[in-house]
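The next part holds the structures, each set out as structure tokens.
What follows is a pair of complexes built around chain A, which joins chain B in one and chain C in the other.
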Partner chain A sequence: MSVDLGVMFGLFLSVVLVNNLVFQGFLGICPFLGVSRKLDMAFGMGCAVTFVITMAGVITWCIMHFVLHPVAGWALGDPRALNFLQYVAFIMVIASMVQLVEMYLKKFFPPLYTALGVFLPLITTNCAILGACLYIYMKDETQQLLNALIYAFGGGIGFAIAIVIMAGIREHIRFSRVPRPLQGAGISLLIAGILALAFTGFTGIGK
Partner chain B sequence: MGALETVLLASAILFGVTLVFATLLGVAKEKLRVEEDPRIALVNEALPAANCGGCGFAGCADFAKAVVEQRAECTGCPVGGSKTAERIAQILGVEVVRTYPYRPVIHCRAKRSDKLGIVPYEGVASCVEANVVGVTQGCTYGCLGYGDCVRACAYDAMRMEEDLPVIDYDKCTGCGACVRACPRNIIEQIPFKQERMLVIACANKEPVKCVKAVCKVGCIGCGLCQRLFADLFRVENNLAYLNYDNYTGENDEGNETLQKVLQKCPADVMVYFGKPKAQYAEQLAREEAGHPV
Partner chain C sequence: MAEEMSHFQQFKSGIVENNPVLVQLLGMCPTLAITNSLENALVMGAAATFVVVMSNLITSLLRNLIQPHVRILIFTLTIATFVTIADMTLKAHLYQVSKQLGAFVPLIIVNCMIICRAEVVALKSGVGRSLADAFGIGIGFTLALSILGVIREILGSGSLTLPGGMKLLELPPGFDPHAWIIMILPPGAFLTLGVVVGVVNYLRQRKPKEVPA
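Right after this comes the complex of A and B.
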């Protein structure tokens, strides 16, 4: 198993900027719009998601390659025969991970725990995380554990960048005169759309 | 390979993986246990769970934590009033002094016909905007009448009548949203010791001549009430104030000095807010609510 730095860097850049989970995959929109009112909270959420997504990516990779594939290959003859289990197994892993992170934060970072409030359990059903885990399985490069880790971490960083940019803009929007029909959710969705358009400018970088 | 085998295998794998994670979570729960004061949960249960933020904290749970950590008074919940305070005090094992529910009253009684110097105003129909414009009416202290307080009320307890807000005290929870919404700060929370409380319904601090020029029912700061009943009334900056520490609201009708004040007040700014007592309800039913006595 050779370590190809070029591939790794390309993978990282690709998932952070070009194939950003939020702007290109439209995953994780719920926390993206829900927790992006304040910059510090958005940053906390971005960190939490990055942490969970990295852990979940690695563990789901291990489950796929060390449990589902060998067992299916040994018992059923076809390594991919149990692939339908990945959704259930992945969701379970992610849910457990979030529980773990929640307990950890409550113990060691109580302010962050109270600030994230209801949104921490929301990570459990955050499609960005499940999406990243499923992408890892589908991509050729991420069949290596190290690349999978880079990809998952990059996905989390991409989400964090997206939500922090969004929070920065929304903090400024508060001081501008928004037409009444667009106030609140309307203008947020417009900003998100324009941001997504802006991110299409990265298309072509890397692979 | 049959379908049955696949199903059995799938179940076995899921069972195994679940077992691993359940064990992990179980261990983590023990290792990462946070010692939390059990009284926080008890206090939280005793609270009304309205999460209105009227206490100044972010919701009932936050207030419960603050009370247990002695960062807040156990009487701090404006919605629950004395009943909640007593229960919290019981949980915390402290004595509680009798408290009263705080409810908003309006320090202005000028209906549209009472106001002078009204200028046609075509701007945004909101008190905040009208207050910035500043010249929509003569009185720079009184109610603007565009109903920001009514829109702020989450309990449908306010309505506008002739450009003056009227509070439905059956629905009001005392959360203070209207107090914060009013740009002129003429809504105040007072302790409702009785169903019906006396209020000085004016906020104008100008001398008599200026008040008379802008309002038919403004307090002119003559000081008569202070001279007659100094325990209860005080005049400062040309405006009368009622001391709610000394005012009980009980037996107003039998209090001769108070009756004298009410009769002699030249500006008619003393108004009752809230529900009248049962024995006077019938007599007052013919009059408007919030009418001067």
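Right after this comes the complex of A and C.
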């Protein structure tokens, strides 16, 4: 199969800006609101998510195309017959992936491990990861492994950009006088709404 | 009054004072994504209620067997199983709605609200309390989604439709829903939820302090 750079670039741009997982897809909202209080924490979270999302995207792609479809086709005669196992398999992959990344970092990159610390286990329940894996399976363009990799990586970058912008703004408003009922989650959601409006402006770029 | 809450209080606390969406801010992703109409909100609420009830039931039955270090894995696998059942049921009986909900039905698996209930309540208490809690949380979740769904559907589409397709309300033709199209687009979700959370906080802060239970 030929490698189409145009399609790949369009896919990357679309998932980073136009269909940003956070602002247009509503994925990963919990860490987006919870870990965006300080810029360095937000950056660490963004990096960790980008890494896990890329790995999980590729591995779940391989599971679907090399394990579930062939086994179902061979044993039951219909490649899609085992698709009901998809969710259980995906969440299993993500949970063990996070565990693996945690152990690997602890052994080989202790500074990075301490920097990411508490965020690593939280990534398991980050819906951006499971969401991206599911979208990779649903989309037509990501049926090739390379495109799936780019989609997953772009999704992670998009998440990182969103959470870093959010943290930057929240650091700025720390000393502003926000009405009491809106303090905390309320004002963050309103800021996110305005940011989402800005990102809506990218609609129409690419595909 | 004993120190522990009665089952009914446990049930009620999930709906009002510990509402998962409006107070605890858990399960944000489906809250924002699928509340563009009341119908979606109700179906999503029902699916999540089913999953949280079943997951609390199973976790509570297994609570003496679960080893602490694998508990999160067991929770997610239990939840994933019931989400698969819910997803297949929706696809079979409510195909249109299930198509609109898209990836957000499988994403119930990673809804922190459900894992939180398994961890906080079901792992430590008997079946009766866990079920009461799960129903309370499920209904509270559905209620919060419906509030957002009603606001966004009335403003964004100019009408309100029940799951059966019955029109509950239609705004006069003088109201142009196209001017409010933003309400059913993603930014509207963030803005509506921000305002609703603000109003809920305002009401909570105004309420006179009660004796802590």
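Everything that follows uses one rule, which is that the second predicted complex is superposed on the first by the 195 of 207 C-alpha atoms of A that agree within 3 Å, B and C clash if a C-alpha of one lies under 4 Å from a C-alpha of the other, contacts with A are read in each partner's own complex, and residues count from 1 in each chain.
Just so it is clear, a contact is a pair of C-beta atoms (placed from the backbone, for glycine too) under 8 Å apart; a residue touches a chain by one contact, two chains touch by 3 or more.
This one's a predicted model, so the numbers in the text were calculated from it and none came from an experiment.
Of the two partner chains, neither chain B nor chain C is touched by A:I205. When both complexes are overlaid on chain A, the residue A:C62 reaches neither chain B nor chain C. Of the two partner chains, chain B is the only one touched by A:K107; chain C is not. Applying the stated contact rule after C-alpha superposition, one finds that A:L146 touches neither chain B nor chain C. In the superposition on chain A, A:A196 makes contact with chain C only, not with chain B. After superposition on the shared chain, chain A has more residues touched by C, the comparison being chain B against chain C.
Within the superposed three-chain model, A:G77 lies in touch with chain B and out of touch with chain C [touch as defined at top]. Of the two partner chains placed around the shared chain by superposition, chain B is the only one that A:V93 touches, whereas chain C remains out of contact.
On chain A, the patch touched by chain B and the patch touched by chain C overlap at residues 84, 88, 92. Within the complex, the chain A residues that touch chain B are 63, 67-68, 71-72, 75-77, 81-82, 84-85, 88-89, 92-93, 96, 99-100, 103-104, 106-107, 114.
Interface residues of chain B facing chain A in the complex, by the touch rule stated above, are 1, 5-6, 9-10, 13-14, 16-18, 21, 24-25, 28-29, 32-34, 62.
Taken in their complex, chain A has these residues touching chain C: 23-30, 33, 84, 86-88, 91-92, 95, 121, 124-127, 129-131, 134-135, 138, 179-183, 185-190, 192-194, 196-197, 200. For chain C in complex with chain A, the touching residues are 25-26, 28-30, 32-33, 72-73, 76-77, 80-81, 83-84, 87-88, 103, 106-107, 109-112, 115, 182, 185-191, 193-195, 197-199, 201-202, 205.
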